[in-house]
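Both of the next two complexes hold chain A, though its partner changes from chain B to chain C.
Then we have the complex of A and B:
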C-alpha cells in the first residue's frame, strides 16, 4: 500500500518529461497525457480516501530509522494530505479539461501542459512530504512553474505581474530556507515528526522561527499584509491557471504548510494561534473591501480570494484558540471542520468563477465589466454556472458556501468569539454585494457591445458544468456520514496534533 | 558569533536592495545576494572548526570530527533552485525590456498594484 505513495510525484513528473521529449513529434500528445495523468491521480486519491485509514509512510531509498531516528526522506499521506490531494487532482483535472480548448490561442501549447504537470507534481510532492527541506524543494518546483505560467501570454501585464510575483515569491522562499536553517541548527534534524519531538518546550528562539515561517508562507498564501502580488498575478495569468492559482496553489503551498507546521510540528501555543486568527480576520475584511471597487472581473475575483482564504484561516484559527485554552474539543473540531470545508468549497467555486471569467474573456476579449453586459442571452452555460458560483460564494442556501460559512459562524459563537462571528456575517454580506455587481454588469444589463458572440467550445463549457454540479453536490458534506470519508480524517489529523509525530516515529 | 551576525547583515543588505532599488537587474542581484547569505548560513551551521571532509573510507582516518554533510547537500539543492529562479527572473526582465525599452520599475507600471 505505501509503495503507491511516490506515484503522486512520479506520475506528473514523468508525464512532464514525456511531453518534453515527444511533445513535438506526436500531435496532441501533451493534451492527452495531461488529462490521463490527472484522471489517474484522481482515481488514486479516491482509492486512498476510501480504502486507507492509517497514515501511509514511505521511506525514500529504503533507509529504515535507526534507534528511532528517521534517516530517509519521508513521504507521508495522512488525512490532511488526502484532502489536499483531492483538491489538487480534482480542480487540476477540470482546469486541464478547460484548457484543452482555451490554449488554442497560444503558439506553444505543449509547453503550457509541461508547466502544468510540473505545477501538479510540485504541489503533490509538497503535501505528501514529511520532511521540511523537501517541502521547500517541492514548494520551489511548483512556484517556478507558477511564475512561468503567469507570464505565459508574454503580454506587458503578464510579464509585469510575473516579475512582481517572482520577486516577492523569491523573498518568501529565502525566508523559508533561512528558517529551515535555523530549525536544523537547533534540532539537528529535518524530519517534521522528529523536530516536533524536540521542540516540545517552546523558547524565544522558536517563536522567532515561527514568525519567520508565518511571514514566508504568509507571502506564499497571500494573507493580509503580504497580499499585494496576488491580484496582479492571479488576474494576469491564463484563466485555467488563475483557477489553479486561486483555487489550489495558495492553499497547497501556503495554508497547508502553515497548518501542518503549527499543528503537527510546533506545539500549538496561544500567541501563534492568536496571530493566525487575527491575520485571517484581517485578510477576510480587507480582501472584501478592496474587491468592491474593482471593474476588472478577474481582479475582483482575486481580491475575493484573499477574503475567502481569510475565512479558512479564521475557522482553523478559532479551532486552535479553543484547543490552546483547553476548551471543548468538539467546538475546536467544529471550527476546524468549517475551515477545511470552506477550503474545498473555495477551490470549487473560485475555480468555477475564474473559468467563467476566462470564458467571457475568450469570447469578448475584455475583462472590463463596464464594457460587458447581457451575456446571459448569448452565453447561457457560462452565465448560469457563474451565477451558481456567485450564489455559492456569497453563502446562499442550498449551495456549499452557505454551509461552510454557517459552520464557521456557529463554531465562533460556541467558542464565545462573538465579534469574529459578527465579522464573518458582515463580510458575507459585503461578498453578496460585490458578486451582485459582477453578475449585474457582466451577465444581466443590456448587451451593447457583443450581440453576436457564441457560447464557448465544448470542453470549456463541460468543465464549468461539472464544477457547477459540484457546487451543489458538496453541500452533502454537511451530512456526517459523508463527512466521515472526506473531512473527518483531515480534522482528526489536525486535532490530535501529536499523533502525527507518534505514528511516524513509531511509539 | 560575529560571522553569523555578518551573514545576517548580508541577508539584510539583499532585502534592502530588493525593497529600495528601482532597476530590475539590481533587484535580481539583490535577490541573489540574499540567496548567497542563506547558503552561507547553512554551510556555517554544519561547520566544525578543524573538522575533516565528510568522506568515510579506509584511507581517511576516522579519529577527528567531521563537518556535517547534510547542510552541504541542502545548499547544493538550494543553489540549483536559485539558478532556476534567477534565470527565469532574467528571462522575464529581458522580455520586459523588449516591451518597455527600460529597466526602471517606475516606468513599468501597467498594473495598479
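Then we have the complex of A and C:
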C-alpha cells in the first residue's frame, strides 16, 4: 500500500475548506492556495507516472479482505487512472493560472476557487475509486461543483444553462444510482473487481443494467442523443470553467467511467461494443454538423467537443469490437492507443481554444463572431495560440491532433471498418471548415468594432502560451518510447481487461 | 420575517431545548443505535429553524448568523479530515481513516474508537449546513418581497 494514494482527495478537499476558514483573514489566500495545491497534485501525478509501475491498491481504514472478499473501500491507481489524473491536474493548473486574472470581474472571487478545488477533488476521487458506489459519490461532488460554477456569473443566460444542466445531470445521477442498486441487489457487493468476478456470464439482467449505465454516464459525457445540455452549459460558464468542463470533466466523469466499467467490470460483449461504437460515430458526425452554423464562438467550440469526444469513443470502440471478435490484439491496442491519445490531445487543444475565446470575451465583451474581426493585430498572443489550437484540432501536421486522428484512422482501416475510417476523414474535413470560419471571422477579417483593445493580462497570456507549446509537444507521444511512459500503461489496463480484477482480488 | 402568536412562541420555548437534547442524544449514540451524525445534525438544525420560524428574525442578524455558520461548517469538515488524516500521520501503518483509538467493548457509550468523534463533527457540519440553507432561503425571500 502506497500511503500517497489518498492525498489525491485529501489535498484538494482540505485546501477548499481552508480557503473558507482563513479566506477572510488573509487576502489572496484562495488564489495562492489553489495554484500551490494543483502544482503539488501535478508533482504527485508525475511521481506516480515515473516511479510506480505496478497498480497501486489502497484499502481505506486498513481493513484487509476476509476470505478473499474485499470489505474496505478500495482506491486503485492503475495506468488508466494515472492518465486521467495527469489530464486533471495539468489542465486544472493551467486553467487556475488563467483564472487568476480572469476572475477579477467577479465580486465573490474566493468562492470561485473553493468550488474549483471541490471540482478537482471530486474528479480525482472518482478516477482513483475502486468501488462503484464511491464513483457515484465523487461524481455527485464534482457535478454539484460544476452546476454552481456554470451559474457563477448569475446572469440570466448562465442561470438557465445551469438549470438545464442540473435537470439532465440529476436524471443521469438517478439512472446511475438505480443501476448501482440493481448491481448491488444481484451481486451483494459494490467493489468493481468483486462484481466483475460475479457477472462473468452475460445474462439479460446485466445487459439491462449495462444499458442504464450507458444512458447515465452517456448523459454525463454528452454522447450524441444525450448532448442537449452541453452547448448551453459549456458556452455560458466562465471561460476557465468551460476549459475544465470540455477538456476534463466530461472525460473524467463520463468517458473514463464508461470505459472502466465496460472493459474492467463487465465482460466485453458484442452488443455493448457495437452500441458504444455507433454512438461514438454518431456524435462525431452530428456534433460537427451542428457546429458549422454557430456564430457564438464558445457555442461552436462546445458542439465541436461533442464531435471530438466521438473520435475518442470511436477509437476505443473499434478496439473493443476487435477484441470481441478475437481479432489481432495489436490492432485493438492501436485503436485504443489512438482513442486515448486523442483524449489527452482534446483536453489540451479544447482547453486552449476555450481560454482563447475567454480572452476575446474578456477584452471585447462579446462572443458573436459577426461583431468581431481583425483581432490578430491587437491581441497577437491570443490570436497565434488560438490558431495553433485550431490547426491541431483540425488535424494539420505536425500538431498533436493529426497524429491521434491518423492512428484512429489507420486502426479502423486495419480492422477492416472502412466506412468508419471514411467517416473519420470526412468529419476531420468538416472540422477544418468550421475552424477556418472561426479564425476568419474572429482574428483575420477587418477590425471594425474594437481597434483600441489591448492584449490580455500576463497570467492569461502565459497559460495560453504553455498550452500552445503542449499542442506541439504532445506530438512526441507518437514516438513509442514516450508512449511507454504515458499511454502504454493505460492501454494495457484496458486491453488486459481481466487483469484489473485479478490484481485487486489477488489471484 | 414576522414572528407567530404567543401560543406558538411558548410551545417553542418548551419544545426547542428538548429537540436539541434529542439531537445530541442521536449524535452521541450514533455508533450504537440507528441514526448518527447526519440524522442527529438534522434534528439539531430543526431546533434552530423552529425558533427562527416562531420568533421571527431581522435581516442583518440573519446575515451575521450565516457568516458564523459557514465558519462552523467548514471547521467541522476540516475536523473530519484531520481526524481521519491523523491515521496517515501518527501510526506506523500510514493508513487513511485508521481507527487508532482503543475500540472498547461493543455496546458501551465510550467505544468504537474514532467513530463517535467522526459522528460529532458530522453532526456539527450537517446542523450548520441545513441551517445555512434555511437562512439563505429566508434572506432571499425577504430581499425579494422588499
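By definition in this document, the second predicted complex is superposed on the first by the 506 of 507 C-alpha atoms of A that agree within 3 Å, B and C clash if a C-alpha of one lies under 4 Å from a C-alpha of the other, contacts with A are read in each partner's own complex, and residues count from 1 in each chain.
Just so it is clear, a contact is a pair of C-beta atoms (placed from the backbone, for glycine too) under 8 Å apart; a residue touches a chain by one contact, two chains touch by 3 or more.
This one's a predicted model, so the numbers in the text were calculated from it and none came from an experiment.
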Fit or clash - chain C, chain B, common chain A: fit
Partner chain(s) touched by A:381 [first = chain B, second = chain C, both, neither]: neither
Partner chain in contact with A:83 - chain B first, chain C second, else both or neither: neither
Partner chain(s) touched by A:20 [first = chain B, second = chain C, both, neither]: second
A:133 touches, of chain B and chain C: first, second, both or neither? first
Residue contacts on chain A - larger count, chain B or chain C: B
First, second, both or neither for A:466, with chain B first and chain C second: neither
Geometry of the superposed three-chain model: angle at chain A (Cα centres of chain B and chain C, steps of 10 degrees): 40
Partner chain in contact with A:167 - chain B first, chain C second, else both or neither: first
Chain B versus chain C - smallest C-alpha distance in the overlay, whole Å: 6
Chain C residues touching chain A - in the complex, by the definition given at the top: 70-71, 73-75, 77-78, 81, 85, 87-88, 93-99
Complex contact set, residues of chain A against chain C: 1, 3, 6, 10, 13-14, 17-18, 20-21, 58-62
For the chain B and chain A complex, residues of the former touching the latter: 11, 15, 18, 24, 27, 31, 34-35, 38, 41-42, 45, 70-71, 74, 77-78, 81, 84-85, 88-89, 92-93, 95-96, 99-100, 108-111, 113
Residue ranges of chain A in contact with chain B within the complex: 133, 136-137, 140, 144, 147-148, 151, 154, 156-157, 159-164, 166-167, 170-171, 173-174, 177-178, 180-181, 184-185, 190, 228, 232, 236
